[in-house]
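Handing you this structure, nothing more for now.
First chain written, first letter: the chains are A, B, C and D, and each begins at residue 1.
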Amino acid sequence: MSDLHTRVANSFAAQGLMATIGARLAMVSEGEVHIELPFSGALSQQHGYLHAGATTSIVDSACGYAALTKAPPGFEVVTAEFKMNLLRPALGTHYLAVGRAVSSGKLLTVCTGELRAFT
Amino acid sequence: MSDLHTRVANSFAAQGLMATIGARLAMVSEGEVHIELPFSGALSQQHGYLHAGATTSIVDSACGYAALTKAPPGFEVVTAEFKMNLLRPALGTHYLAVGRAVSSGKLLTVCTGELRAFT
Amino acid sequence: MSDLHTRVANSFAAQGLMATIGARLAMVSEGEVHIELPFSGALSQQHGYLHAGATTSIVDSACGYAALTKAPPGFEVVTAEFKMNLLRPALGTHYLAVGRAVSSGKLLTVCTGELRAFT
Amino acid sequence: MSDLHTRVANSFAAQGLMATIGARLAMVSEGEVHIELPFSGALSQQHGYLHAGATTSIVDSACGYAALTKAPPGFEVVTAEFKMNLLRPALGTHYLAVGRAVSSGKLLTVCTGELRAFT
């Protein structure tokens, strides 16, 4: 595994929530990180779809780690804010959150994320 | 319990994610809903604070149910979009998400939510 | 000009603000609309760059018209909400706002927009 | 006028866009700034209401100046991002944008803003 992957994987392993919901680090490259999540009723909202909180959990982590791959060694990133659009019900047997760094500055890195659902 | 409380409690009980993270419906009134969450390492991000995904999960549910208290009987609500600002690290032994309906229309209801941390 | 262009151009011409700031409808296709804006000191913020309000004006109109190209004949669109990220100072002699419809539903259409600066 | 008011007023006077749309600095106090705007057809969207871009212009400036009142002397602020919810058509003879600093950090200040319409 590359240094980049190790850096992200170590931090990912320290996120208790990722284990709790069953998320897995799927891909790390410079500026882009993927996180995989199998569907489970334990993650549902009231109609049985994936809860927006579960969606947000993996998209936020994917975006945060995409930002981390752009940060100098030794630096950490934390989320300051984000916006989610829930385009349609999150139906699927598993999901992939794709986070990408769009613009990386000294203080702020802006990322885009998307959730893909697979049936 | 009031009809309003029952309506929200039934839907809350159907949200698998709320049980998974240990959240509890704390208060329901017209236009305002509170959800309580004890801290656990199972909900952490990499520095040991509450993960933004856990924060979002209870704030989103609190806001959604605040909107539901304003909806005509028989109607359901789903989240179309939201914006989160993470003002500081979410440190606490337990948290309270407060969701409030600000403006309620035929198609869209706008809510504000906040997370309070208790030590 | 296509019917689509005429439909958008008629509405654009009724937007007083577009004339006030000097914006021009540059391109209309199904799901994508471009609006052009020459820089002027009359549109500046305190450091002489384009004010975020001017940026927003043309990006919002471009996105709104991108949504309109997806709406059935006779329907109108209005903006319910948006999020802006200002990645860097808006420096340029002219700007192009590009609005694109991402997801078009019966009640809500979600668009992405960007501002390009030319020197 | 207080030093605080002078500091904000000088910067406001340098914003070309505020003069172009006819906005006026109405109140400055620590953490809160008001900007007034009379309605004019020159600021309209296609149905004759205030364009979201004009709304955003004064709410963004009001929030930016609310943040500036919390910044140490000699510091400047710029907008990194914002979210707007347009709750109903902006109908009125004049408007007041109210910006308030909610949380003020070393790198980021978070503000809330609202637009009030008067008939």
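Convention: contacts are C-beta pairs under 8 Å (C-beta built on N, C-alpha and C of every residue); 3 or more make two chains touch, one makes a residue touch a chain.
The shown structure was predicted, so the numbers you read here are calculated from the model rather than taken from an experiment.
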Next on the checklist: Can you check which chain pair, B-C or A-C, has more C-beta pairs in contact?
Outcome noted: A-C
Checklist outcome for this item: Between chain A and chain C, the Cα-mean centres are separated in Å by 30
Checklist outcome for this item: Here the gap between chain B and chain C, centre to centre from mean Cα coordinates and rounded to Å, is 34
Checklist outcome for this item: Distance in whole angstrom between the CA centres of chain A and chain B is 21
Item to check | Multi-partner residues of chain C (each touching 2 or more other chains) | outcome: 80-81, 83, 85
Next on the checklist: Testing understanding: with touching defined as stated, what is the shape of the graph linking the protein chains, line, ring, star, complete or other?
Outcome noted: complete
Item to check | chain D - residues contacting chain B, complex | outcome: 83, 85, 87-88, 102-103, 105, 110
Item to check | Partner chain C, residues of chain D touching it in the complex | outcome: 11-12, 14-17, 19-21, 40-48, 51-54, 56-58, 60-61, 76, 78-86, 89
Checklist entry - Which residues of chain C touch chain B in the complex? => result 80-81, 83, 107-108
